[in-house]
Amino acid sequence: MDMQASQPSHATVSAPSVISAAGLGLTFQTNDGPVRALSDVNLTINKGEFVSFIGPSGCGKTTFLRVIADLEQPTDGTISINGMSPREARERRAYGYVFQAAALYPWRTIEKNVALPLEIMGFSDAEKRERIARTLALVNLTGFEKKFPWQLSGGMQQRASIARALSFDADLLLMDEPFGALDEIVRDHLNEQLLQLWARTEKTICFVTHSIPEAVYLSTRIVVMSPRPGRVTDVIESTLPRERPLDIRETPEFLAIAARVRDGLRAGHSYDD
Amino acid sequence: MDMQASQPSHATVSAPSVISAAGLGLTFQTNDGPVRALSDVNLTINKGEFVSFIGPSGCGKTTFLRVIADLEQPTDGTISINGMSPREARERRAYGYVFQAAALYPWRTIEKNVALPLEIMGFSDAEKRERIARTLALVNLTGFEKKFPWQLSGGMQQRASIARALSFDADLLLMDEPFGALDEIVRDHLNEQLLQLWARTEKTICFVTHSIPEAVYLSTRIVVMSPRPGRVTDVIESTLPRERPLDIRETPEFLAIAARVRDGLRAGHSYDD
Amino acid sequence: ADEVTLQLKWVTQSQFAGYYVAEEKGFYDEENLDVTIKPGGPDIAPEQVIAGGGADVIVDWMAPALAARDKGVKLINIAQPYQKSGLEMICPKDGPVKTEADFKGKTLGVWFFGNEYPFYGWMNKLGLSTEGGPDGVTVLKQSFDVQPLVQKQADCISVMTYNEYWQAIDAGFKAEDLLVFNYTQLGNDMLEDGLYVMEDKLSDAAFKDKMARFVKASMKGWKYAMENPDEAAEIVVDAGGQDENHQKRMMGEVAKLLGDASGKLDPAAYERTAKLVVDQKIVSKAPEGGYTTEIFDAASK
Amino acid sequence: MSEARGNRIIPVLVMLIAIVAIWYAGTYFMNAPFQRDLDRRAGVTRSSGDLFIATMTQPKPTLPAPHQVATNFFENTFLRKITSNRSLIYHAGVTLSSTLLGFVIGTVLGILIAVGIVHFTSLDRSLMPWIIASQTIPILALAPMIIVVLAAVNLTGLLPKALISTYLSFFPVAVGMVKGLRSPEIINLDLMHTYHASKAQTFWKLRLPASVPFLFASMKVAIAASLVGAIVGELPTGAVAGIGSKLLAGSYYSQTIDMFAALVAGSLVAVLLVTAVDVVGAIVQRRMGARPS
Amino acid sequence: MMRALSWQSLVAVLLLLAALFQLPLANVPIAMTAPAVAWTTLILVYGFLLAGIGADTFMRSRLWRGIVLFLCAHLATVFLFTLISDENGLARPGFYVVLAACWLLAWRCVEILSGLQPRSRAGRIILALIIPAIFGAWILIIWEAVTRGLGIPFILLPPPSAVFTKLIFSLSVIAADVNQTIFKAVLAGYLMGCASGFVAAILADRFPFMRRGLLPIGNLVSALPMIGIAPIMVMWFGFDWQSKAAVVVIMTFFPMLVNTVAGLAVTSTMERDLMRTYAAGYWQTLFKLRLPAAGPFVFNALKINSTLALIGAIVAEFFGTPVVGMGFRISTEVGRMNVDMVWAEIAVAAIIGSLFYGGVALVERAVTFWHPSFRNGKA
């Protein structure tokens, strides 16, 4: 297994690195002693990449995303975002974060929820209106502007939260199992749309998922992680073309990558949770 | 599409029917007017079958299971369980129900949670002990008897709730997305175990899922449903053998059935939720 | 022994020393009585207690007793241990009030709960409105202490000669600093602590006899208390009274109000009180039969 | 661990010290005017330091100084026989007994009402608004009359006072338990339904255990309310015994120091009671498998 | 359609039969000469009750059954009361037996009405008002029956009718008292107490040191018998409404503080992290996230405080007031044996308290409409 996945072995060596972590580690101090959530993570992600993180529960996927977003402080190693510290990057609003749950504010309508980051970042009213309309259209929610979150289905809420993360056009998107709660069909549809968005806008996307087909379908690179302590056990380059119709998932090439991911996963897995 | 899936076209015509629904419909009265959750469902399930229900969110899968369990009253048509009304069947404790969430009582240990139905049904102490030990062993939870639910991982909790449904040995198992919250590896493992249990005990199982591979892997028959109003749009017989190793999922036969299910699903799907 | 329950008008203090002494010294036992003394408090209306059957006999002032009688609770006076009134109004000499004529526009502290009648009678006599304004007086419902004077919240406050007056002294006022309006001296007094029972019970000869014995023993207690004030005060403190020095002083002052300590009701005083309550429209019609001398006569035999 | 505890205790200590300092300042400003009046009448002139000391040592101050209260509290708590009616422990004991009796009755009553409301829709619809309305009645104003009326039907002693505590304490319990008994999620009720469990089984095995956290949370409120009820109930019983009677007697004789000492005693009783409920709650919930936080 | 007799109807029939052995229901005062009147009344009472039982058993529509039962039970009660209206202490045991039958039918009526599921909003509101109203009316009816029927001394417990009469005739006095107690003391104290508690909570939130110091103390103080400070406040702030307001401020301050601080802490880590990812400042997070989320807790405190404020002000008035105010009136009128006036004031206090509470609850519903407790309006 390729444990030193530190150098992007990918073609676009010239692309500037958006995220680069070296020897990154994070230990939580808890009541029952320290918990090593991340350990010696070396990873560089370049501009325009779509990187999926996959691994059993508790392997540190969320923690890694949170470190990037400056929501946790690493205890070892270094990490830089666009050459800045995570804190600077956050203060420059360098990324949009989509949490696992939609985390919409129930007292705001959908449109107001999407407006939230725009209000905080001080966009003008006209611009706010324009951006809200545009991003809601992007996630297919036009017509639901005035609804409150609880009046929408889970999938629609999740899409609203994606719209919220997109509204201020950050170049980096961090998405933590955004489609976990959705059924397969809706998921397929959103996967397709996300790919299109990514292809169109050249954003860099870090994407956490539990689903092997989803990871393979979406990514240019798949990072397989393993718990206790959370570490990167494998980095798999996708050989699939950038243009991916849904039925690419039945091709042998796809299945081969999926099988490789599954093996990587199983190796680091224990069955009692 | 085979809309009149009323007669089991399956081999074992002689097997007695466990569930038979004819023209079944259910309309909820809500504040914003009636919601037609189920419409004209005709379905017969025979003893020993493993039937999966799949369909987009809100198509009435849960509702159908709840009608069988006498948790909802149908507004049209008839349904009988072992030749009785759902109410009688419930009063005779004809089925075990596994809800989507584990729904364990946090103030009871795992063992006490499994004992709950046994207490209510008035089993003797000795028998209780014996059954608890047996069903916990079945779901691989021996050694966790005295733990409280929060001390277990999500997957273990879900297995405990399955043990609870198995403990009183009903011949019919109703399972509503029991593995929805688990990651793929754990899910695979539990799928395998469920199949083994089913093969060994000859129970009849109704199983709701969102995952096409899961449905195909487990079932003898797959019922595809579609929303607004909830109805059965397709019933697909599995041609897979009863004996199914996990890697059967990469066989062309498996993929063919999966593709058929996906087509059936997509046909009845609308994208706005 | 015959059981008797006595409801006091106020908390345990030397104001009721006679009853506690009679109990402690065995005077009640001598009369074959088993007496339970229930202390009162700021929100206990003895009239209500006796109407509810919670007491056989109560200590009450005449005015509220007549008011209750007017409301259908037929209370009747059977003895009157306090022959004089202890109510006063005091004002600091360095304040604005020097004479009755200065009351206009001032703030006066008054107790309510049945204790306000003498004050209203007095103001009535002076022709002062009690609704405030420059030509009337502003009335405060005063607490049972001398804080309003200390805090200068009122220009004058109500005190009892035997109680709050001394609190003012304790608080640092000297006797010569205080201007005193004594209700008795001004002729505005109403009868204070007397013994009252329900009239209908008096039709029972046994009850009458019991009450006669009770009055007799009680007055014996009062006489003893008058003669041995310090011992009486100690008995009161043992029964729950607060502050021994204060109780001793109170006993001394109370003794001055008992007159001959016979417990006899002066009909003239009764008539004056009755007239005042009618004048103030406290009662709807002139009280009749508010007292009886029968019990007292039987007791003095 | 010890560092964490220090983090918790130091701010509280600082706040307490600040409060005491403010209290001393308040003592000076509240007591000084009267002291000046006194001095003027007595013809004494004092230096300001002298005046400060004088305001701290008045026998009947408007606001007693903390050390005066502490001394009084200490004397009346530790230096008196417990049976003496000057002992604060004795008075606290009296108040405690009616508090506890009222609390027990109130809790039982509250639970019964909640059980009724949860099981009968007609009770739910008709009773709930009146339970709220009942608490807007100034029961404290009624307390004297209630005690007199109860005495009329020969209920005297502990019970009438306890009933006032009951009136104040049943409300939080009833409201909390209605919430608690309804807290099981539909899915849990459905589970019972699939077992064909009887109403009683559902109650004992699901609703009641599920309501335990709510019960203890509302019992904490209830026991504090119960204490208020007991204190108020003591006022019209002739101020014979109890914290309330100490407060009242203090106010009759302007013995502010006594009053404050009684308040301190009342506060300690309140803290003890609430803590006791808390501890019992924690133990019960731990037994029931609550996750330690 | 006939259905099985409801148990209330069944017991009512039995009670009515039993009452026949207890005739007459009430002693007829000597002054009242015509026994025929008593008999007619009796027949009317029985007639209405039997009609009600009949309706309960035979009528189809739930709504109409409820309406007929309502009318029958209460008309019977009205006629029943004419039997004892002349004088106190007239009722004999039979009276109470028949009254119990009336009450059972009223209960049955409530049960039927509770089962109704009106489609229209207006229907639901009417139902939500009428059901508790019947319950409250029966408390008063039983109270009236007991005080009048048994001839309980007026100064112990007056019948509600007397209280009502007194209330109507003393409106001007009561209005002055309400003005003094509610509009001056309670309102001022409530607003100041709640506002300062709220501000203190935000300060405590801003400065964690203060929170860690203040909260344990606040938790403790909110459990203290704050009523005990009423005499002290009167001592400090004088006799007028200011001292009452001070008591109210102290009683309402801590519940508000404790609740608001708890409310500010309810937001989930994820919701707060979201704000962090936007690099939002403290005040932006406060106003856009934490205060709205704290809304239900703040309203909880406002509701608790609405009853506390009233009680605090009234009790504080026991310790010294100008000669106006609800607490003053209650304590002095007890001393003057005007117990009806006392109850009239208490009734007014309860009504105002309920309106106050209801008002806060309505605002709460409008402001925190998004909270789950208002969404799944499961009865």
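Order of writing sets the chain letters: A, B, C, D and E. Residues in each chain are counted from 1.
In this section, contacts are C-beta pairs under 8 Å (C-beta built on N, C-alpha and C of every residue); 3 or more make two chains touch, one makes a residue touch a chain.
Each chain and its UniProt protein: A, B = Sulfonate ABC transporter ATP-binding lipoprotein; D = ABC transporter permease; E = Nitrate ABC transporter.
Being a predicted model, the structure only gives us computed values, none of them experimental.
Student: Using the stated contact rule, I'd like to know whether C-E or D-E comes out ahead in C-beta pair count.
Tutor: Greater number of contacting C-beta pairs: D-E.
Student: As a quick test, compute the distance in whole Å between the mean CA positions of chain A and chain E.
Tutor: Their C-alpha centroids are separated by 55 Å.
Student: How many angstrom between the C-alpha centroids of chain D and chain C?
Tutor: 35
Student: Find the geometric centre of each of chain B and chain D from their Cα atoms only, then give the gap between the two centres in Å, rounded to an integer.
Tutor: 53
Student: Chain A to chain C: how many Å between their CA centres?
Tutor: The computed centroid separation for chain A versus chain C comes out at 86 Å.
Student: Where in chain C do residues touch at least two different other chains?
Tutor: Each of 42-43, 45, 48, 51-52, 143, 147, 151 in chain C touches at least two other chains.
Student: If a residue has to touch 2 or more other chains to count, which residues of chain B qualify?
Tutor: As it turns out, chain B has no residue touching two or more other chains.
Student: For chain D, jot down the residues that touch at least 2 other chains.
Tutor: Within chain D, the residues that touch at least two other chains are 62, 144-145, 148-149, 152, 251.
Student: Spell out all pairs of chains that touch, sorted by label.
Tutor: A-B, A-E, B-D, C-D, C-E, D-E
Student: Which residues of chain D touch chain C once you look at their complex with the stated criterion?
Tutor: Listed in rising order, the residues are 34, 37-38, 41, 59-60, 62, 85, 143-145, 148-149, 151-152, 156, 235-241, 248-249, 251-255.
Student: Which residues of chain E touch chain D in their complex?
Tutor: Listed in rising order, the residues of chain E that touch chain D are 107, 110-111, 113-115, 127-128, 131-132, 134-136, 139, 156-157, 209-214, 216-217, 220, 222-229, 231-232, 235-236, 307, 310-311, 314-315, 318-319, 326-327, 330-331, 334, 339, 342, 346, 349-350, 352-354, 356-357, 379.
Student: Which residues of chain B touch chain D once you look at their complex with the stated criterion?
Tutor: Residues 66, 69-71, 90-91, 93, 95-97, 99, 101, 103, 105-109, 116-117, 119-121, 148-150.
Student: State the interface residues of chain B toward chain A in the complex, per the touch definition above.
Tutor: Listed in rising order, the residues are 56-58, 140, 152-156, 183-186, 189, 210-212, 250, 255, 259, 265-266, 269, 271-273.
Student: Could you please specify the touching residues of chain E with respect to chain A in the complex?
Tutor: Against chain A, the touching part of chain E is residues 268, 270-271, 273-280, 284, 288-289, 292-293, 295, 368, 370-372, 375.
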